[in-house]
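Below you'll find the structures, each written out as structure tokens.
Two complexes come next, and they have one chain in common, chain A, joined by chain B in the first and chain C in the second.
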Partner chain A sequence: MPVSTYLGSQLVDLCSVLLLLCCFAIVAQRRLSACVDLFALQSAFLAATAALVAFLTGHRHIYFAAALTIVIKVIVLPRILRKVIERLNVSRELGMNVNIPAGLLICGVLVIVAFFITQPIIPLGYLLTRDSLAIALAIILIGFFTMIARQKAITQMVGFLVMENGVFLGATAAAYGMPLIVELGVFFDVLVAGLIVGIYTHRLQDAFDSVDTSTLTVLKE
Partner chain B sequence: MWSVIVLLTGPVVAGLLSLVIHRARVLHVVNFLTMLALAVAETALTRQVLAEGSVTTLGALVYVDALSDFILVIITAIGLSCSLYMWSYMDDQVARGVIAPKRLGLFFFLFHMFLFAMVAATMANSLGVQWVALEGTTLATTFLIAFFRKRESLEAGWKYLILCSVGIALALFGVVLTYYSSVRVLGDASSALNMTALIGVANQLDPNVLKLAFIFILVGYGTKVGLVPMHTWLPDAYSEAPAPIAAMLAGVLETVAVYTVLRSKAIVDQALPPEFTGNLLLTFGLLSFVVAALFILLQHNYKRLFAYSSIEHMGLAMIGFGVGGLVGTFGGLFHLLNHALAKALAFFVAGNIHRRFDTLEIDGVRGLARSQPITAMAILVAGCALVGLPPFSPFVSELLVVSAIAAQDFASDTMHVGRFVTMTISDEMRSLGIVTLFLFFGVVLFGGFMYRIGAMVWGTPPAGIAQGEPWTVGHVPVIAMIVALLGLGFVLPEPIRTLLTRAVNVVLVR
Partner chain C sequence: MSTLLTILLASYLLGGLLPLCVPGRPHLQNLLAHGCAAGAGVVGIALGLAGLLAADPLTGSFSSNIPYLTFAFRLDPLAAFFVLTISLVGLAASIYALGYVGEFSGRVSLTLLGSLLNGFLLSMTLVVLADNGFFFLILWEAMSLLSYVLVVTEHEKPGVREAGLFYLIMTHVGTAFIILTFLIFFQETGSFSFDSFRHPDQRLPEGLRSIAFFTALIGFGAKAGIVPLHVWLPYAHPAAPSHVSALMSGVMIKTAIYALIRVYFDFLDGEFPWWWGFTVLVIGAVSALLGVMYALMEHDLKSLLAYHSVENIGIILLGIGAGMIFHTYGLHELAALGLLAGLYHTINHAAFKALLFLGAGALQFATHTRNIEEYGGLLRRMPWTGAFFLIGAVSIAALPPTNGFVSEWLVFQSLFLSFQLPTLFLKLILPIAAAMLALTGALALACFAKAFGMSFLAQPRSSHARHATEVPVSMRIGMGLLAGACVVLGLAPMLVVPLLDRITGPLTGVAISSKVLALDGWVVAPVTVEFSSISTPVLAALLVGAGALGLLFARMMGKPLRARYYKTWGCGLNLTPRMEYTATGFAQPIKQVFETIYQPTVKLETEFLEQSKYFIKHQRFEFHIEPLFEKYLYTPVVTFLLAIADRLRIIQAGSLHLYLTYIFVTLVLLLLWAG
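Moving on, here comes the complex of A and B:
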């Protein structure tokens, strides 16, 4: 393996691990605004990873995806979410379905599970980004777990966006990015989802005096 | 070519027009004319597909073959009848003060965006674009479900948004994995997610990656289909959505979601033995069928009753696709059409009852036969069709699925689910064990369903309920669907049969 490839691969791994660390930080964080900031930080690392892969491989269209990530996931979506938090009367998550230490332990297990699942398919990948696929799956699973463990509408949305970041890292790592039209569509969907959640929190606040989804218990068997 | 463009641009244009039009009558006319145009375009497209086999156009972005065309037939047929039903339903809701008159335009805008997303998901050549469009359906419908802005409907809309978004994020990872395997073989990055390209090289793709990809896709899109255990959003959403939207969700959106699963199945089956996808579909299908049958016994809300019946029918179709073969796949596809008709009829009827009785509780509804004779007849037809009684068409497709199961050799090592279910039964009976299970829960379902519907139809209406049912434009689709359910039970018209047979060949890649 040439030295440059080795170094590049190490750098990509480093960036992916920083994304994963952000996930753990989100799981350990009670303050809603800090969760949003951490998501913005994670997206910035994601953009850095994508730009790094684009630089090392010479695939120009990944630069484009990195730029879109910065605009939408680092600037626009966190701004929308912060506005929503400002308007609401809550800043901390008090009730959680799983407490923080247990949550962190579960996330550790999820990382092991992710590496275990992707073991048979990793050797097929490109040399440069091989191990990022496992990390991507770990991020998706942790995002999924965040959505289950938290009760506030905002943190559930952050969990969804973290999952999306994981999928995006997976696409960059596994196949050097998706076709352009697909990437554009995904960004559009994520942006609209963010706007819709903004409107929803507003209406939930009006109707239930709370954005705590544990109050949504009218409908059941 | 022109038909494809009409199908794609029609809903967008109509949706944008709805935002600027303020008169209710004009809105309805625009809506109806759009659906009529879509139906005409779809007829033309069907002729073209039947003549040429498949249509690829707009720079290979659009790919329509017999399977996607069959789904488009369902979308346009149910959409057209919905537009007629909405005419009387929405006007009535405005007159009763449930909806502010100026919000009607927003309703039609969202409705047409929903329609556009479904048409795009069905026509997309790229699996990635298909994903984008399917997520689009979630975003467009969540406010339609919460349109009445009650606490319950907000809750249902929120649950739907979150659960389906999570599911579909998992499916996106499945799509990424498919891309991961195909881009190595195809090399060309821009077309490596196109179905036209994938199906040709599917047998060279890496089986391990595809296995993982299919599991993610099935769980993800299965959430939108409403397969157990990812179904929890479904009864809430269907019971809180306005009746025509519930009809579209149950009749059409589920069908489109099944279609996306079938597309992946067709590709994965080339690289792996078909038992892999077959076992997964059969497991989820049987689980959905059994769980839904049990939950139907507990229901006190007629819209939830129909919602669980949707889960059950999707389970049934999945069993058909899981068993596979010519008969199973044909039965499954035909069942999608029959279910769409019967379920749309059921939700139209539910809308009529709700407007008259002002309750969703089954106990609050009595003497339908006296107060609303046409609706009473329609709910009996819908009920009989949904439990699979002859002479209605779901009976035919269910019979096909059951015979496909009976003919399947579950004793072989490959059908693990069959072995598991029939472990305790003697070897000779093994292939019939799963049929017994299926029929037993079919009977459970029949009892639970007909008991509830009978309770609503007969008896004396509560005091203060108006008697008699004047004809409205909303009755036209109800009658049309009764005729269609009866007619398809006796004869399968030639074009539909050809389309179905070819669609079966697309699923089985023959």
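Moving on, here comes the complex of A and C:
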């Protein structure tokens, strides 16, 4: 393996790990605005990873995806979420389904699970990004876990977006990104999801005087 | 023939699509939808006749990308006969609908109603043409769903939605069993094509054949409305618009008869064990008797007719069951006779039941009620409807010389001929079935004496009936067509029997048309002329002749006839509708006799004047009969299912986080398992 490729692969791994670290930070963070900032940071790392992969492999369309990531996930979505937080006047997540130390431990376990699952697959790959696959899966699982552990609708949205970041990283790692048209579709979906959650939290606030999704149980017959 | 078939399918498709293309013009939409359906009906009748007369079946097939699915069709005489039946009723119903749908204008989308009707007719036609199990199931499901949507046309009424749901559940239970039937064949033959079902490489094992027999009986029986799977009929038929009820009761439930004959005589041909036919016979007899008994107690005209559908499906199954028993014992001519009687009754029932449903729709159109108690005196206000309804009533009551009489007589004869069977048990059972059929016929007569008498004779019992007027001409044409069909089918068995013989011939291996029709077709006989024979044209001539002779006799012997107009004698009182016999009163003696079956609850509340208890202020009479099957069969099943569902609700906590956890745990476990 030439040195440049080796170095590139190491750099991609480094960026992926930074993404993973952001996940842990989100899980450990109670303040909502900080969660959103961390998500923006994670997205920035993701864009960097994508740009790096594009540079190393010469796939132009990944640049495009990286640019879209910056616009939508680093700028637009965090802004929407911050607005929602401002309007709802909630700054902290008080009650949690799983407390922070236990949550961090579970996330650690999830990372191990992700590596364990991808263990047999990774040696089959030949791309320089192949090691990121395990990290991508770990990010997806942690994002999912965030949705379960938190009660506020906004952190659930953050969890969902983190999952989406994981999927994006996975796609980049496994196949140098999806076809551009698919990426565009996914970005659009994410944006729409962000808007819907914005409206949905607003409604939730109106109906229950809280954005705590646990209150939705009263809707059951 | 293939041209006719193309035109037929294209007209239904056009009828379904064209109304959607001209939004905002309800009259044009109405004309387009029902015009196309009527045109397709005419073409379908021609196609049916051509298919019956053709030497070879018309086949065709279009392959598809989906494994095992080919769009194969086959127009053999059996399919052609049902295409003919569907088209006949479809033609009448669509002409009728031209005027009738006005009843719904403003309340439901007429565009949708017209276009769905075309889709429904198309799916029924294709069901009988399908020659591939997969294709058949898709069409069967389309037919069920389209009819469901048509049933809930007036979904703003709460009862209608419940009726629709009930129907949907029952028909899907049936479909599940039909899928099982086809899977049994598929498992043995490795293909869904009907040809491979017909000629499997090796004969299916005996046990599997019997399982297929039962799953088909339950699956198609649920659609046909055999007891105890009949419970949806009295809910769904009244809920639907009347032209749809006519189609559902007249032909949709017949597609199940088609499928039963197809499965039993075509796929499972060869020797049946005797108890197959016996089972069908018993179910037929019980359905016939219970159907008519519950019909007698109904005062909702369309529910009453729905119960009569159960009865007539029973009569059809009596013929088919007898045919199956004879087939087992190698009495092929008698087998053909039983089958022929069943098929004859199938088209007859399609004609008169659709006619009666259209008549009921006309009454509802004119009076806005379905309750017989609120009718009365309608014959003077709606003479055409009355006359057509009378023809239908006479046919369904199996009075000579109408069509119901011919086919029911043939069923009787095939049951009586059981003395040729070798086993004593069956020799005893078949006449008992005949006796039950006789009782059924008598009760049906009573029921339609009630239905016609209470609706059309005497004085109006409500202001609805008092202000009724005759229905639009298109509705009368629709009914008139079917009334004509009833008379022709009754008076001209010599035209019908040879056609039916072309169906039963290949299925049983013998042609009996020449033996059933003696004396150049003027006499119908059950294979052996010596046993018994009957001739409806002669009977009709006798009836007319006797009437004329009586009149002539009176003219000659008595004083010259002089019409005298005077009030009906009323014991010095003014006649009021309150003096009339009511439908409840009419059915009372029969209710008393069959008390064990009806288990009626009668409640009479009397409120007296305070001053004296000899004067009554109010009196309230209430009676209802116990719906046995719902109480003892369906309620326990539903209760059981609800209890299980309640248990399962524990995992349905309504918590978003819990649901997410389910997904998460499943995902991780699956990943671990796969890794």
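Methods note: the second predicted complex is superposed on the first by the 217 of 221 C-alpha atoms of A that agree within 3 Å, B and C clash if a C-alpha of one lies under 4 Å from a C-alpha of the other, contacts with A are read in each partner's own complex, and residues count from 1 in each chain.
The definition used in the following text is that a residue touches a chain if its C-beta (ideal position, glycine included) is under 8 Å from a C-beta of that chain, and two chains touch if they have at least 3 such contacts.
Here the structure is a predicted model, which means the values were calculated and not measured.
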item	value
Clash or fit (per the criteria above) of chain B with chain C on chain A	clash
Which of chain B and chain C A:160 touches, first, second, both or neither	first
Partner chain in contact with A:120 - chain B first, chain C second, else both or neither	both
Which superposed partner A:14 touches (first chain B, second chain C, both, neither)	neither
Which superposed partner A:196 touches (first chain B, second chain C, both, neither)	first
A:147 touches, of chain B and chain C: first, second, both or neither?	both
Which superposed partner A:213 touches (first chain B, second chain C, both, neither)	both
Touched partner set for A:174, first chain B, second chain C, both or neither	first
Chain B versus chain C, judged by how many residues of chain A each one touches	B
Superposition clash, chain B versus chain C, among 19-27, 199-207 or 379-387	379-387
Set of chain A residues, in rising order, touched by both chain B and chain C	117-118, 120-121, 137, 144, 147, 156, 213, 216, 218-219
Residues of chain C that touch chain A when the two form their complex	652-657, 660-661, 663-664, 667-668, 671-672, 674-675
Chain B-facing residues of chain A, complex	117-118, 120-121, 124-125, 133, 136-137, 140, 143-144, 147, 153, 156, 160, 163-164, 166-167, 170-171, 174-182, 185-186, 188-189, 192-193, 196-197, 199-200, 203-204, 207-208, 213, 216, 218-219, 221
Complex interface listing, chain A residues touching chain C	97, 110, 113, 116-121, 137, 141, 144-145, 147-148, 151, 156, 213-214, 216-220
Chain B to chain A touching residues, read off their complex	61, 126, 128-129, 131-133, 135-136, 139, 142-143, 146, 149-152, 154-159, 161-162, 165-166, 169-170, 172-173, 176-177, 179-181, 183-184, 189-193, 206, 208-209, 212, 235-236, 239-240, 295, 298
